[in-house]
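Take this structure, written in structure tokens, and hold onto it; I'll ask about it next.
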């Protein structure tokens, strides 16, 4: 009954089993183990080319370490104002980049429009020492509004970025949900569209604590090992992180889990749309739903034990619901019934 | 047959079981879960007072986040030249402290002598803007030489530190081995002796990836939450880190595991001492052994599949052997037999 | 004929003379000299109370060092989007604060409105580890739009800041122009209105290279000496910086110079307003003028050797004109004549 | 009568005159002025090749900005333990490099021996992510012990550095004294010997506040402009810094000033050596003298108004005397007479 986030979930059984299986005798530390070796091949297969993939354990680490290799300390990183790196990292990007500046570019439904990006770059003062220098574009896909960038949209942005000497990063904390929803290949949604580095998330979709930074531009990978270590993000018993990712990729587990989450979100969105007084705020394209809900319905459902966030806190009628790999049909339907009941009771009172 | 480090080990079964047990339904993220709540009480019990303990997942993170709250960016952190923070963190302390300076104070067998510490402080230029300002003392216990600080030794150093306005940190990556070997309480070896913050290690002694930063000085804890977050070290599914620590502390598992490691090290040290041509370099007080070994014996044992480090790399006769919670008597005895055989063969040849 | 900025000027003769006068024999370095001592008293007198004032040599240094003592590395500094610290420091605030975040609050004519500030603070997530923490408000007075904050306006903003635990900084690169224009005392425009620290500029108004960071909140001054030193901003021959400031303050030289600049700007603004097709963009309250000018007039005046900036570069019709302590009536009138001539020629052509 | 340092001096008249001469009308800011343009040519001439030279105003800024372009944040900078960058910058190198580590290599009389440097590099763990990575060698010439590196000595160290992929920096706060004393060309003492970047000092030798960072390796210069700006070290009225350097170089003023300082130091050293009980601690090769002086002589001379430093503070018999461009023969002889008188009085008392 918890729709607060996909990080309130536990672990998928396959992933727990992989951790137990990795617990066999001694293995050399810091990634010099057989599981981590096998994982490299798995990522190459996944992306249909040679990539360099570095396991880490939090999404914050993945994002800020990836950005750190893309920008000098006086660089500008362009991102959506609501992006996680801009609003939810307590300054981690600034720490790891040595002080680079996140420059927000507003846009509808969590997405940056190519024309807006181009306009910002045109006025950025490239080569002028007084201004931070354009260095990277960071997109989130699935976005923080629950919407998706299509390959062609990414390609349009990446083309502008590359023409201006910037790198392109994708925060893929919910990359699985994006791939599953769009029915495209991981390659199409990343390097074929011009992405240079991807934060490939697994934690929100069934892992305990496992992400990978995947580089498609090899020279970006050169300093990553040092940066990961000095960030305190190099795990001695790396095999236990790698094992999670290996299991996650195996037999398309990651996509199966994400498809379930997306299907639950669709069921929830459809149900919400049918409740009088409820308004969906963005297209529901993957596993996150933003909706304006009558206050009485919010209060009522929360009181019955359903958990979800009022987006700006106390009193806000904008709510977020996130479905996950283990969301249950009964819980979705129960939540809908609760909201519907409280909404119509309130409507009757007003009438 | 791997004595390279205690981080080549896997996880203790009790700890794996605790992870599985924590995988029950939804739990609020970032430490707002029942396991993390219970863990707080467990740490208070362990240290016989109220402490503030923050779970993290690597020893590097524990050490550098603990140091970061103790020093301004222009501070000096005093440590042994061979300490992990000084030699093995690729600059992580400098990153997390915003550029503080590690000032090494040499000393025998991995330990800092109070007189040397006092002398360095006397010449440090306190209050003079040209010099970095004395801020913290970082001790490692069990030291990097496998030796131990006793409570009275720590108290003598802490007294000097506090008199001069410095905080005292202990890197306890192998704190369990120290407590088990000395037969003192965790309280006696820390706050009762003047320690302000402890990096309480579990990873090397049976956890997958779990450490805690324990503050005995409450005001040091104030900014820790922000620092952990912006270091990318706040885990969304924290319960899986906390569960490891809870199991680690339960029924003194941590001490049982450490006692075994220490016993294996004693067995190995006694055996080594009896091999002609082998010299133990430091007192063997816990689970690490440094010994000078005849080159032929090193080569021979490595060739038979035993794993351990030549300390300075290729060609060094100084070797390190680390015993762990799961070291096997047969492996210890096998290694001893191998070294003995190759050492005496070489001796015969020379004769 | 150069209206590009007030930093294209040289030095006032009184200030050059003071430098020569300070060149008498040996003096102890780093501020332990008689001139710097006398300067302290001069600043106390200027502000009608005990202050702590630190000479530095650039406005960038003054601003970023002042901000650095007001915020932790995970803090938020609120400022106008067009403020110098936000747009023209190439990331200096981020460097000196260890990665704090500048959060822009838009507002008319270069000024932040109290209601907007309050609204941003209300949604800032104080105490939540995921978000940078509100730490400081930085105002510019004279603003980057050439407008002025009155004491009551500053007081309204400072009250909100202090109520929420933030410090208030004023970038006073053109503080002299503000004080001269408003006819208030330095005290009224700063600490009596709630300002905690002021970057007191002199370079733009007749010094060669001299600014002072003035603290009204004593505890902010505690770490400043260390920060200035480790920023490379502690001058060994400090007397030559201090001598500039002493001469600047003596007999109200600073206000006389600023009054002249302001008067020249008024003359220029009045003349501009009378040219058909020219539009003043903001109230002209001190020594900076922003105006929309017909393209032909811009091109014509530039071709005749008048120097001023098209604000967004090539092709922009928004122009900035800055008058300075040494601007000449003849140059102002010449510029006006040139613009008028070219504007009317263009108008005739179109007709 | 002040021998505390060469930074207690004022400015040479030629340099003051140049500042006054530069005060002519408007000039574009930030180095886009005619004086700064001319200075570029002057530096090319001085070094007999094209160099890139950046004026700054403090020696701290010159050193740390130069080092910052040579090392990643996880780099190691090798230097003498007594070097200014290691002991007297309050952490400025760490701030500007983003946390690089200064690794001291001890050596006699302020100099690093090639064999010691090679040995340290051999054990540095190049390519191993756990260790900071060798990045730069920083030499001081004239050293902090008043001794000099000859071109061949620098070449031997630079060869080791370059073979291992490190850059070579020279802190030349007293570079003039070195060049004047050795009778070599600036080229021979720098790039011809393998130096990649030089902090070219002028402040201690007659300027008010002027230094230059001179790059012989062009690619090091690429990011310098951004780094200088974001360090707050880009002066708007740059012409006043450049004018000092131009006058300093003109007609070999810099060498004439330095020759005088060196000659005064020789006179003082010869006199000291003749005083019974006085011991010169290092060869006196330029303008700094370190000597052990009987306590009574120290106290006596200080009481008579002579100024010099007891090196480790209160009670130390190791004293430093620095001669400068404006030291007077009468003061040198007066100091010698005073020390001689007090030393022999004390000797008589003991007898």
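In order of appearance the chains are A, B, C and D, and numbering begins at 1 in each one.
We take it that contacts are C-beta pairs under 8 Å (C-beta built on N, C-alpha and C of every residue); 3 or more make two chains touch, one makes a residue touch a chain.
Please read these numbers as outputs of a predicted model, since none were measured by experiment.
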item	value
Farthest chain relative to chain C (centres taken as mean CA coordinates)	B
Of B-D and A-B, whichever chain pair has more C-beta contact pairs	A-B
Inter-chain centre distance, chain B versus chain D - centres from mean C-alpha coordinates, in Å	42
Distance between the centres, which are taken as Cα means, of chain B and chain A, whole angstrom	35
Touching two or more other chains - residues of chain D	73-74, 89-91, 95, 98-99, 129-130, 133, 226, 229-230, 234
List of chain B residues in touch with chain C within their complex	30, 72-74, 98-99, 129-130, 133, 223, 225-230, 234
Parts of chain C lying in touch with chain A, wherever the complex brings them together	73-75, 87-91, 94-95, 98-102, 123, 129-133, 312
Touch list for chain D against partner chain C, complex	1-2, 4-5, 7-11, 16, 19-20, 22-29, 56-61, 64-65, 89-92, 95-96, 203-204, 208-209, 226, 229-237, 240-241, 307
